[in-house]
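Okay, so chain A shows up in both of these, paired with chain B first and chain C after.
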Partner chain A sequence: MKNWKLFMRSGMGVVGAIIILGLILCATFASVIAPYDPNVQDYNSILLEPNSEHWFGTDDLGRDIFSRVVYGAQISIKAAIVSVGIAMIIGVPIGLFTGYYRGFWDEWVVMRVVDAMQAFPFLILALAISAVLGAGFGNAMLAIGIGFAPAFIRITRGQVLSLRNMEYIHAAKSVGMKDSRIIFGHILPNALSPIIIQATLAMASGILAEASLSYLGLGVQPPTPSWGSMLNQAQSLLSVAPYATYYPGLAIFVVVLGFNLLGDGLQQYLNPRTRK
Partner chain B sequence: MMFVVKRLLLTIPILILVSIMTFSLIHMIPGDPARVILGQEATPEAYEALRAELGLDKPIVTQYFTWLGNVVQGDLGMSITDRVPVADLILQRLPATIELTIGTFIFALIIAIPTGILAAVRRNTWIDYTASFTALGGMSIPNFWLALMAIIYFSVENQWLPSSGYVPFSEDPKANLMAMLLPCMVTGLRESAMLMRMLRSSLVEVVHMDFVRTAKAKGLNEVRMVLGHALRNALIPVVTTSGLMIAGLLGGLVITESIFSIPGFGRLIVESVFKRDYVTVQGAILVSAVLVVVVNLLVDLLYAVIDPRIKAGKGAEG
Partner chain C sequence: MSVILDVRNLVTTFSTDYGKVAVVDGVDFVIKQGETLGVVGESGCGKSVTSLSIMGLLAQNGKSEGEIRFHDKNLLQVSEKEMQKIRGNEIAMIFQEPMTSLNPLHPVGKQIGEAVLLHLKVSKAEAKQRAIQMLKAVGMPRAEEIYNEYPHQLSGGMRQRVMIAMAMACDPKLIIADEPTTALDVTIQAQILDLMQDVKEQTGTSIMLITHDLGVVSEMCDRVIVMYAGQVVEETDVETLFSEPKHPYTVGLMESIPELGTEKEYLDTIPGAVPLAHQMPTGCRFAPRCSKVMPICEQKQPPLLELSNQKCRCWLYQEVSE
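The block that comes next holds the complex of A and B.
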């Protein structure tokens, strides 16, 4: 209860949490919220400006933009969870084991590979992986997840390095506790705070990256409504239907801002140095 | 000196790994890369010729060392679609990207330095909250959306600036600057958000240090205290951030160049991806990674020059 009150005091973090809750609700109840089928083309309603029937207007195929934005939330939330999930599945165990055992593998193999991976500009790396594996949501997620993994390796390893010399870890070792139990039972729970913060901020980047790849035509493929691919299609309509670009972009902005606010709020709340 | 040597030595394994990863790219293509590049209708002769050109008929270790040997001599291979050396393609595209990068940094600094200082000096006031929230907003805006909004306002509705196109500076300086203004502004806004946050937090730390308090106690006015003493120290981490920004910026330029039709390095990558010109993609990715490694190395060395504590060994760890 005390923790909850502390978090509530970081106002912006709460705003972020509310935005993300809104995104989750939007994605879950898309079929209830959206007034039209997002993929149905109505040639009698092409390029209608926002009005009482089509709140965000319609696109060049007569599809309702509001409904497509609502359904786009499903892709964005999947992008956030899947890309960060892949990054954590790769990064957290590697960071835990290399930080705990250290030695040649840690210093000369894993950390140097991490250095090398971080040398590749993230979006360019994701573009290249998507190009090689082929366009599509799954490959885009894999590309983004691989791109995010080094950050999780670094953060987890850094935490383990500071925790492995703590007295309670020495005590656990001295009573003969197995390494795996020390790592997962004692080190991981105490290393979780910065990993959670990183995951929240990475979700914001994951949504942006998915939208960027979809905008470039390498992520979600039409007709599936994704905010990035909607902007791609709307770009050719800038002079006749600028409104078609307003809402998908605004949706990306608000959701990414939500994750960034939550990440900042969690940082203030979970970081003992900034926690008041 | 030891720091410089250690830092240089550390770069070697990174570059080797970068080369291995880049080389592996073509081998990550599911199935036979030559078949994927040429398509199923290709003649057996064309297929065999491409396999030989890419060196796919040799053992993989031989392939890697042959490729590396060529790369070291500046030969990044031949573009599959354009039949031009990839190195030439990249060199043709780099000037526009360099111009865009410099313009972006100028815009970012013009916005970030005054707002960062103001937010730090007026810490925990409405100025600080507004600046910090705006910066977070700036970091959350997808740059392709911001670019489209800017095109709608500046080009479609008001015709103040061109929406796309590029004229080299040497041909027509005025047209060049007009064409680059919007892309630099859009990319610079986003980068300024990160720089501003960094400068603010760095300055807030420095403002509470003893030497600043002493300067204050001696009656130095706030402007001189901040500009003459605190800012110099606060800029050290900002220099590092600027170096780290280069990787993100190169990624961001892929999008900016595509939207504004700037024939730069980023657009070359996107074009090559769609043309399935994997050799060009490979070469461009290698160049971008090497660029990041070199810039990070220079920033670290610069960091050591401006902060003597690094040379003393503090920053040489890890």
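The block that comes next holds the complex of A and C.
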């Protein structure tokens, strides 16, 4: 309870949490919330402007845009969790081990590869990996995950570098603890809060990246509704039905904002120095 | 009394930007069972590095040579796995900073219990009992409650008690205490020293007490080695150290202690500073700061001479020993 109250004081973080909660509810109960099947084409109601029956209007195949935006939440949530999950599975262990053991592999192999990867703009890197792997949701997630991994390697390694010299780590060694126990039992828990913050912020970029890749045709394939692919399809209709771009765009904007606010809120909450 | 730790010609080098630098250079000493050995010297003289060499916890660029015989094993030759069994179980360590020596995320009792679980074949419940018992043994009130408390809820003195409880949890044969009271205020220092003395009397463990506080030495130690620039310069029992210190460095240390009741405008100090490890003088390492320096001091390193009551590394006593 005390922790909850402390988090409530982070202000905008709570707004972010509410937005994310809304997104999760939307994705979970999509079939209940959406008034129409998102993929059913109704040729009697093509390109309708928003009205009482079709709240967000319809697209050029007569599909209800509101229903598609609601179902799109599922893809966005998946994108956020899967891409960041892949990035963490790759990045956190590498960061832990290179930071703890240092040496040649850390200095001259892992860190230089990370430098090289971070020298690319993130989207270009994800695009290149995606292009090699081929289009599709799974490959897009892998591409985004790999693209995010360097950030997790760096942030984890940085934490480990400062933690490994703490006296309680020396003390843990001096009672005869094994390295694996020290790394996972004593270093990782202490390194966790910046990793969690990074994960939240990365989720926002993950959703944006999925939308971007889907917009470019490398992510989710039609007819599955994804906010990015919806924008892609609506683009050609911009002069006829501009409203078809509003809502997916707005959804992306709100959700990314939500994750960023949550990330900032967590940062404030998890850092004792900025905690109010 | 049997010897439990026998350090012979210990040389610990670090590879640095200046090349290989010997921070500990040919150190010999023994610790007998039930004895408290004081290791005295100013910052950077190699006290802590000596203790880390014994524990095998040097940083990656450090390397020890020589012999550290503990029971029948040479600690410099056992595998890391065997060393993990010795650490905490047979040789335990108490660190200088109680404020940072405990993991902030785990309750203190659990941290003691963890050390127990590592080395003794006990169940979790038994480990918990042992931890509470240890907390009581180091004079913690409300031991059952403290078991569940986090380090930030305890004061510095209490945390140091927890560290001592952790070090004692597996009944080690030797406790290495690296300036255990430096970070504590004077009244707490006295309590902690009393506690260590009690522990020693009850369990018969040996203590290697690293300190730069000669007051602590006089209270606690049976024998003392004085280190300077990585070498032992004097070794003697504690009475002789205070009644007739021989090495000019030890004498300097004694004179730099303020005394109540005597009027002095300035405290005596030893001029100069410890030479850098990569720029050691060719002769006696203390020669540049020594008030009794002779021509031979700057040319040749003195050996550790055997005198009647002590060992001393100084040319002044060359004839006496011959």
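Note that the second predicted complex is superposed on the first by the 275 of 276 C-alpha atoms of A that agree within 3 Å, B and C clash if a C-alpha of one lies under 4 Å from a C-alpha of the other, contacts with A are read in each partner's own complex, and residues count from 1 in each chain.
Just so it is clear, a contact is a pair of C-beta atoms (placed from the backbone, for glycine too) under 8 Å apart; a residue touches a chain by one contact, two chains touch by 3 or more.
Being a predicted model, the structure only gives us computed values, none of them experimental.
In the superposed model, A:M177 makes contact with chain C only, not with chain B.
Of the two partner chains placed around the shared chain by superposition, neither chain B nor chain C is touched by A:M203. In the superposition on chain A, A:A17 makes contact with neither chain B nor chain C.
Between chain B and chain C, more residues of chain A are touched by B. In the superposition on chain A, contact of A:P189 is made with chain C only, not with chain B. By the touch criterion defined above, A:V160 reaches neither chain B nor chain C. For chain B in complex with chain A, the touching residues are 10, 13-14, 17-18, 21, 25-26, 28-30, 133, 136-137, 139-142, 144-146, 148-149, 151-152, 156, 163, 247-252, 254-255, 258-259, 266, 269-270, 273-274, 276, 278, 281, 284-285, 288-290, 292-293, 296.
The residues of chain A lying in touch with chain B in their complex are 12, 108, 112-113, 115-125, 127-134, 204, 208, 211-212, 215-218, 228, 231, 234-235, 238-239, 242, 245-246, 248-250, 252-253, 256-257, 260-261, 264.
Across the complex, chain A meets chain C through its residues 102-103, 166-168, 170-178, 186, 189-190. By the touch rule above, chain C contacts chain A in their complex via residues 55, 57, 60, 83-89, 92-93, 95-97, 100-106, 114-115, 118-119, 163, 166-167.
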